[in-house]
Amino acid sequence: MNAKSSRPTPSRRAPAFSRLDADLVDDMVAANRTLARLGVLDAFGHVSVRDPRDPRRYLISRSIAPESVTAADILVLDLDSQTVDAKDDGVLLYRERFIHGEIYKARPDVNAVVHSHSPTVVPFTVTRATLRPLLHNAGFLGLGTPLFEIRKCVGDGTDLMILTPDLGKDLAKKLGKDAAVVLMRGHGDSVVGPSLPNAVFRAYYTEINARQQLAAITIGGPINFMTRAEAMTSNDAMLRASARPWALWRKQALAQR
Amino acid sequence: MNAKSSRPTPSRRAPAFSRLDADLVDDMVAANRTLARLGVLDAFGHVSVRDPRDPRRYLISRSIAPESVTAADILVLDLDSQTVDAKDDGVLLYRERFIHGEIYKARPDVNAVVHSHSPTVVPFTVTRATLRPLLHNAGFLGLGTPLFEIRKCVGDGTDLMILTPDLGKDLAKKLGKDAAVVLMRGHGDSVVGPSLPNAVFRAYYTEINARQQLAAITIGGPINFMTRAEAMTSNDAMLRASARPWALWRKQALAQR
Amino acid sequence: MNAKSSRPTPSRRAPAFSRLDADLVDDMVAANRTLARLGVLDAFGHVSVRDPRDPRRYLISRSIAPESVTAADILVLDLDSQTVDAKDDGVLLYRERFIHGEIYKARPDVNAVVHSHSPTVVPFTVTRATLRPLLHNAGFLGLGTPLFEIRKCVGDGTDLMILTPDLGKDLAKKLGKDAAVVLMRGHGDSVVGPSLPNAVFRAYYTEINARQQLAAITIGGPINFMTRAEAMTSNDAMLRASARPWALWRKQALAQR
Amino acid sequence: MNAKSSRPTPSRRAPAFSRLDADLVDDMVAANRTLARLGVLDAFGHVSVRDPRDPRRYLISRSIAPESVTAADILVLDLDSQTVDAKDDGVLLYRERFIHGEIYKARPDVNAVVHSHSPTVVPFTVTRATLRPLLHNAGFLGLGTPLFEIRKCVGDGTDLMILTPDLGKDLAKKLGKDAAVVLMRGHGDSVVGPSLPNAVFRAYYTEINARQQLAAITIGGPINFMTRAEAMTSNDAMLRASARPWALWRKQALAQR
């Protein structure tokens, strides 16, 4: 897979300093707070959205806890995960932002990324069980749940974090062309979607499916997972249905202000 | 089983545009919010009540997240799950509303229906364990917990949802004449009752019994479930006792306004 | 065991209509709300305290959900669980109040009783595992955790509830002279203590110990429970230490008003 | 190991009555409330910080529930865990405060201590499973998780509590020179760090790692724990990264006032 060759080639170039769309910035604030409230993000993790003005850029918060993100914290980075606005010089950036930039490079279909330490997903990253869709909302898991093992990329002794562009590229490669979720061993996951509401939806239902799969394992015996065909049909349906929870979550999150 | 032959034949016909009873509408708002707060409903699922003015109709919210339902969102549908009031033309309806309409057709004894993705019930829909009553509040589970497997009705490749009147009829048939709960594989359950407070009560204690059965399975060994006779006696007692939690839940839910 | 022979014989007789001590009534309100907030009580269950003015009486709420109890709801019952004040004629009483009255008759050392459907205790009432103390706060479990099986008393077909004085006597007999907790199959438990703060403390830590024992069972292998000697020493220590959480819980509960 | 020989020998002596730094006192209030809100501390447990003015002293609350700690409750004790200020004569002190004083004597590198009944850690103290790091935030567990078994120190029949200086010394000895966490059988743990934010961070992630290890055990099969090298690298990274959650937690905790 050549990440560079799949890099989007936008037809227009947005001015570097054009004002961010207020609704999109509110979406970002809402996504951060919602995923914190739902227990997917704790004091770590981050959310990004591809800049609709320029697909070679993305929006992400400066390095603070997701629950405390406000509109003033939203920055624009290029796909090398560097700031594009002089006013952001010296702002502290998430050290793992390369997750976002490299996935946007490799996956033109992806417009939003959530990286989290999703608490019930982590146990599935350190065992041999495969996270598979059993709840119809989580059909997107049928697109695959590849496991990124950092030891296979750079050997033993890392802190498991994606601190360089090369590690970001390796992670994007493991995610592949189809999957919506890449598991990260001992760390969490990165979830992608064609829109921010859908990526938030998928990050939440990845955690819920993991909880329900854990309970099904506890009950014992074979688990009646969704078939591939069911998963694909459900994924299509949920691309549309993500709008309903998003309307609620966004309203609740912004009402906190 | 012939669903049509059991269709209620009301003796009077309420005027289509008569004002909804304000207390009943408040009940509906309270039921939606309560089940969301108790973790039975998340951003999906829906609650309905048969219209006391006309048993060939039922009340349900327009298609929004249960937690955000207000009095203005409550609609009247006929048992074919179509709107009956011209003012509701063009309002977005729950796509799975046929669950409600077809159950009301098949079960004249049922006056309220809750459809949810009850989180600890789902694992029991994808394993071979039978959900059975062990907590005395959940004696109604002794009326049966049939499992609806959509693959057996319409084959592989669906999104598991009840999107047509025919699927609604199939689900109502699986529920049968006696059960209070029908499990839906990889999806959740639909819970019915003779009144809205009782259906809310049953939806909640189905989830609680599932959690406790999961814990009992974890402990191991044979489980001392309620006998059939105990379950029936408890069910009768709880038909009356549902009023106590309902008084609390309704007050709490409406105090949020 | 003859419950009647152990009935306390108070030396003084309080006037039937003397005003209840306001602090004690606040204690009762706080105990109800606290146990609801801590998840020990849900919309069912009840708390009582022996009347310090007359040990042949006890205080308990009228039949409402514990979370909604206010000072005006607190009643005085005699040990036959009947109202003693003409003003309470016609007030709806908890149907299972005999749990309280009969335990006070049988156990002069007991001054407070909590009956709950403690959610993680229930699974231990339907399996063969014995609930035993592993957390030092729960040393009182070393006094025994007898299991009341209603089928052995009155046969099959009940709703598992303690609806008569005789069933209350049977339950008190199963509790015995020493135990702080009697488990009730498919129902929950009744927890007793020499004071209301201590009974609340014990009801809470019974639930916590059950959760931790469930986790220890999940981990597997032998469990290093407290020894009898450790349990007794800890029980003594916690009779005193109950005051610290109680100070916090009472303040929080009464601040809600 | 000779605890006394490693006692810090400060070069200056702060006046006994100098005013406490207001920010540090706020830190203490925030640490207590945060750990209570995160479910690490319940109504018991305590947090301390070494006095930056005099390493032979430490700050800790008087004996109240952590959730209710305010600035006025913070006291200064010497390393023998006695008050140093005449104004504190007669104030009720935590009975287990020797945990703190003796650890500060034995570990000059330690500047903060959290003692808790961390709910999912307790089951790991009564089973043979070893608590090991699987989540990258919990790399510090790779420094060891020794288990303090009080029966081996003073025999059977205690209430498991650290009520004397000698027991505090025994606990500090079991913690050893390197570990960040010492497990206490049937009781909880004591977690140490070079700073208060880091000790709070470690206490929280010890609980989170325990939950995730419990889930991994439920899933079954071998668990891919962090290697020693990964744990050490992560620990280093998290010494710095503790600042991000702390900024959020402190702000939230102090906003409650």
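As written, the chain order gives the labels A, B, C and D, with residue 1 at the start of each chain.
The rule is simple: a contact is a pair of C-beta atoms (placed from the backbone, for glycine too) under 8 Å apart; a residue touches a chain by one contact, two chains touch by 3 or more.
Please read all numbers here as calculations on a predicted model, not as lab measurements.
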item	value
Shortest path length from chain B to chain D (each step joins two touching chains)	2
Rotational angle, Cα trace of chain A fitted to chain D, multiple of 5°	90
Inter-centroid spacing, chain B versus chain A (mean Cα positions, whole Å)	34
Geometric centre distance via CA averages, chain C-chain A, whole Å	48
Per-residue multi-chain contacts in chain B, two or more chains	218
Pairs of chains in contact (touch as defined earlier), listed by label	A-B, A-D, B-C, C-D
For the chain D and chain A complex, residues of the former touching the latter	134-137, 139, 208, 211-213, 215-216, 218-227, 229-230, 233-234, 236-238, 241, 244-245, 247-249, 251
Residues on chain B engaged by chain A in the complex (per definition of touch)	42-44, 63-65, 67-68, 117, 119-120, 122-129, 151, 156-161, 185-187, 214, 217-218
